[in-house]
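Labels for the chains are A, B, C and D, by order of writing; each one numbers its residues from 1.
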Amino acid sequence: MKILMGENTYGKNAINLTKIIRNPDHHELKQVSINISLQGDFETAHKAGDNTKILPTDTMKNTVYVLAKENFTSSIEDFGIFLARYFKQNNPQVSQVKIEITEYLWSRIITEGIAHKHSFISNGNEKHTATILLNGNETRVTAGIKDLLILKTTDSAFKDYIRDQYTTLKETDDRILSTECQVNWEYDSWQLNFTELYNAIRTTVLMTFANHKSLSVQHTLYAMGEKVLQGNDPVKRISFIMPNKHHLLFNLEQFGIENNNEVFIATEEPYGYITGTVTRE
Amino acid sequence: MKILMGENTYGKNAINLTKIIRNPDHHELKQVSINISLQGDFETAHKAGDNTKILPTDTMKNTVYVLAKENFTSSIEDFGIFLARYFKQNNPQVSQVKIEITEYLWSRIITEGIAHKHSFISNGNEKHTATILLNGNETRVTAGIKDLLILKTTDSAFKDYIRDQYTTLKETDDRILSTECQVNWEYDSWQLNFTELYNAIRTTVLMTFANHKSLSVQHTLYAMGEKVLQGNDPVKRISFIMPNKHHLLFNLEQFGIENNNEVFIATEEPYGYITGTVTRE
Amino acid sequence: MKILMGENTYGKNAINLTKIIRNPDHHELKQVSINISLQGDFETAHKAGDNTKILPTDTMKNTVYVLAKENFTSSIEDFGIFLARYFKQNNPQVSQVKIEITEYLWSRIITEGIAHKHSFISNGNEKHTATILLNGNETRVTAGIKDLLILKTTDSAFKDYIRDQYTTLKETDDRILSTECQVNWEYDSWQLNFTELYNAIRTTVLMTFANHKSLSVQHTLYAMGEKVLQGNDPVKRISFIMPNKHHLLFNLEQFGIENNNEVFIATEEPYGYITGTVTRE
Amino acid sequence: MKILMGENTYGKNAINLTKIIRNPDHHELKQVSINISLQGDFETAHKAGDNTKILPTDTMKNTVYVLAKENFTSSIEDFGIFLARYFKQNNPQVSQVKIEITEYLWSRIITEGIAHKHSFISNGNEKHTATILLNGNETRVTAGIKDLLILKTTDSAFKDYIRDQYTTLKETDDRILSTECQVNWEYDSWQLNFTELYNAIRTTVLMTFANHKSLSVQHTLYAMGEKVLQGNDPVKRISFIMPNKHHLLFNLEQFGIENNNEVFIATEEPYGYITGTVTRE
């Protein structure tokens, strides 16, 4: 029985780049982390240690910093598309390029009601992400939001589920619903106003979460996906990863005190883990 | 030579509590993590395994959830003072109680320009902290900000420092200054409007960072401390821990390209680590 | 255009379970973290909030602890197969069950040359993993090693690679090679002596890494995969994720000192990221 | 009221250094992370931005790599003492130098019963630490163990503690005791065989933990400290930080099944937190 090299990729991860755009009246700050991953004709590299088709990952890193100067001027989606094409065109041995960009978000500090022209405060954990997959002539662009931590204190129920001999969970009409959400949506084109779309989709996700009468995490997931697809034609499909950040009612009754949905234990583990894709016919 | 039990403490850490205050027109959400630490007459517990003076840490946890219902209605400073007194008064074997509270910050989601009445989004990594130290009749209240990530793209220099045979750093008139800051300040009383003071101090820290012409991290640290003390009489002293989040100029010149303070490598390690306390005479 | 619910899963993650097996002459300690993920007929749960086909994730958690008592007596692979079948047989609405188990490894403390009968020390970060995928009547069993941190101080070269205008990396005949490796291999049966196979495969991975004359990470990856497949018939294919933990030669020459591969900077980011599958024809 | 600069320190953290010692028959691998912290006459740096007494932290980093070549040949304690003296002697403006070194531990890979001459596997999370405090002519040397994760499945009780209206914990004669321990001990000299002492102290800690009939975490803490002081004259005092890694009995009884100390829930938070110092008269 013969042994074969199967699917394989290589590249550089965590290329951490900061760019300042010095406009006359204020600075823009872009902080990103970039992963590059190549597929192609690398069988002899594996089997014989022949590196003649290997572009070193150190060179990928240098290339990103050089290209950022002239070409990272707008969205991470646009810069990712530029990078993917650069590596594909300059490396005939490569069949597929994947570029992943995570953008850390900053706001200008407000001093006396005005955004300061060159001082910034982090927006926190939430990140904007983009993945570009360039394969042959096809360019697939996926954008997303990562680590979006949201919570609602009411309008969330969970009941009428299966009961068996190991059921101890109590049905509820009113619980805390919280999730540290990851959202990814795929566009039907690589020529779009990505920044405008990102802002519109993020607003729809937040508003739907806020206003939905939730009967389960799944129910809210679908509602958010449906609204995004209804309102944004260039979105082909949207996926959610929604870990359930449980806030459990503390048992005050054992001490003769009523707990009217006031005092909760926040727990990390174990946690419900719900994923789903909403798509078009 | 005799062997002795020296200083010792015990308690419960990471009591994670969420409280909802259900106002008629909107909900308030408080999410905190509480550490309790006791000192006292625990020599026989150590030397003989005698637990008769030990309040179990599990009971401390239960107590916090019970007391939160009626007594966690305003600031973490006030709830911390209440908890410290409760444990001191109910445990004569205890000489000192320390309560540490970390508050995770949330904002109401804005939908169509209006703050939603019961849906929230995380403010991110930044936290509000409080430490209460109750020893005999003395109550020391320290408040703080943790994980405050800030950055300025100009008005920061570093030059005229010591040079020796191992110096390679270049002097600069214009660099990125960034820090993930921890600030702690001690109050001169336990009867204050802690929320109002916290907001005023946080604003002063941010505005001073934004507007200062920095000649070093130390220079900015002192300026922030001085402004807080000048503007807030109840603050006795203020301490800063300011790790330097380096953003290093990428060497584009090696490729024949100019880098006009545009493209930087963000690095995590190693990092400068600057601490200092600003105090009153 | 119609909107559809696409692929979706739900379940409980991080069910952290410790089991003691009290043999007469010594105790066995098993510490695991279990993820359960179900696929099936859940369209109405998403679209209408109908939970009548939803087994709550809280019940999944209870079920795992109950079943562990009688059925978690040997390998994590065997317990995972048992769990997958249990959830499939008791839930006709479910088409696929995935069970992931991560085992934290412990050794008995050695005192005076003898393994203590009931006291343990952690083996560290390295973990044994297993994934069971039960779909219809097909049971796929994958085992693995996670966070295996290994390093060799010589017998590792990297040269003869592509050079372009952004190349700055120097060719080397002798560098440090280090990786925090993740290995996963798929078995061709669910009725095997999984513990024996795991131990044999782990030994082969380590010995091949130690003895190989490496010309690149890819070259070592293939060598390890080839040896495992050659020596273990029940292994259908094996995959490696090998982040390159760079140790960069520190430039002592700028201070007039020679660095004979002695002093290195250990860096975390950016890092080379190499993945590959070795398979059979 | 005058504003003053109080206590302050600065330095470089996380100087990550790997050193290979190439003995003829095998290599030695040392991987460490070093923090340097200086105190001294830095008032004008804070108040006026005057850097003329500031040794840049970047230069500290370069110095460490240079000095490691000739002077990091034995223990981290000895290298730390060398570094502290170097920075003190070359910087008259400095009154105190603190050097903290964390050593990541590696073992040579065993192949066919023999330790490989140049291939290594990580020992895991456990680290060896050292802190050198040089103040005037006084050199204080503290060594330690960090992230030592240990567990015993029996010989651990907890009972006869205080009971009040919020007590729900059940007394037990037989529970799991586990802790991720941090140990620090201070030597009475800076001229000792630090490696030999470290190994002896670590063995005593492990053996005492294994063999002790524990009545509480505090009881075990004292027993370990007492044994180390009894057996090692150069140790002046020893401190322990012992977070309680709870493994809670799962309630099988609610399902009509007995749990004979077999099946446990491992929890991370909240956790008991016990600290104590054992010292000499």
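One rule holds for everything that comes next: a contact is a pair of C-beta atoms (placed from the backbone, for glycine too) under 8 Å apart; a residue touches a chain by one contact, two chains touch by 3 or more.
Just so you know, these numbers come straight off a predicted model, no measurement behind them.
The chains that touch chain A as well as chain C are B, D.
Shared contact partners of chain B and chain D, listed by label: A, C. The chain with its Cα centre farthest from the Cα centre of chain B is C. Centre-to-centre separation of chain C and chain D, using mean CA positions: 29 Å. Look at where the CA atoms of chain A average out and do the same for chain D: the two points lie 37 Å apart. Contact with two or more other chains is made by residues 16, 62, 66, 166, 168, 255, 267-269 of chain C. Interface residues of chain B facing chain C in the complex, by the touch rule stated above, are 165-166, 168, 254-255, 267-269. Residues of chain A touching chain B in their complex: 16-22, 27, 29, 31, 62, 65-66, 68-69, 106, 109, 111-112, 116, 118-126, 148-155, 176, 206-207, 209-211, 247, 250, 252, 255, 257, 259, 261-267. For chain C in complex with chain A, the residues that touch the partner chain are 1-16, 35, 37, 42, 45-59, 61-63, 66, 90-91, 158-162, 164, 166-169, 214-219, 221-222, 225-226, 229-230, 237, 243-244, 268-281.
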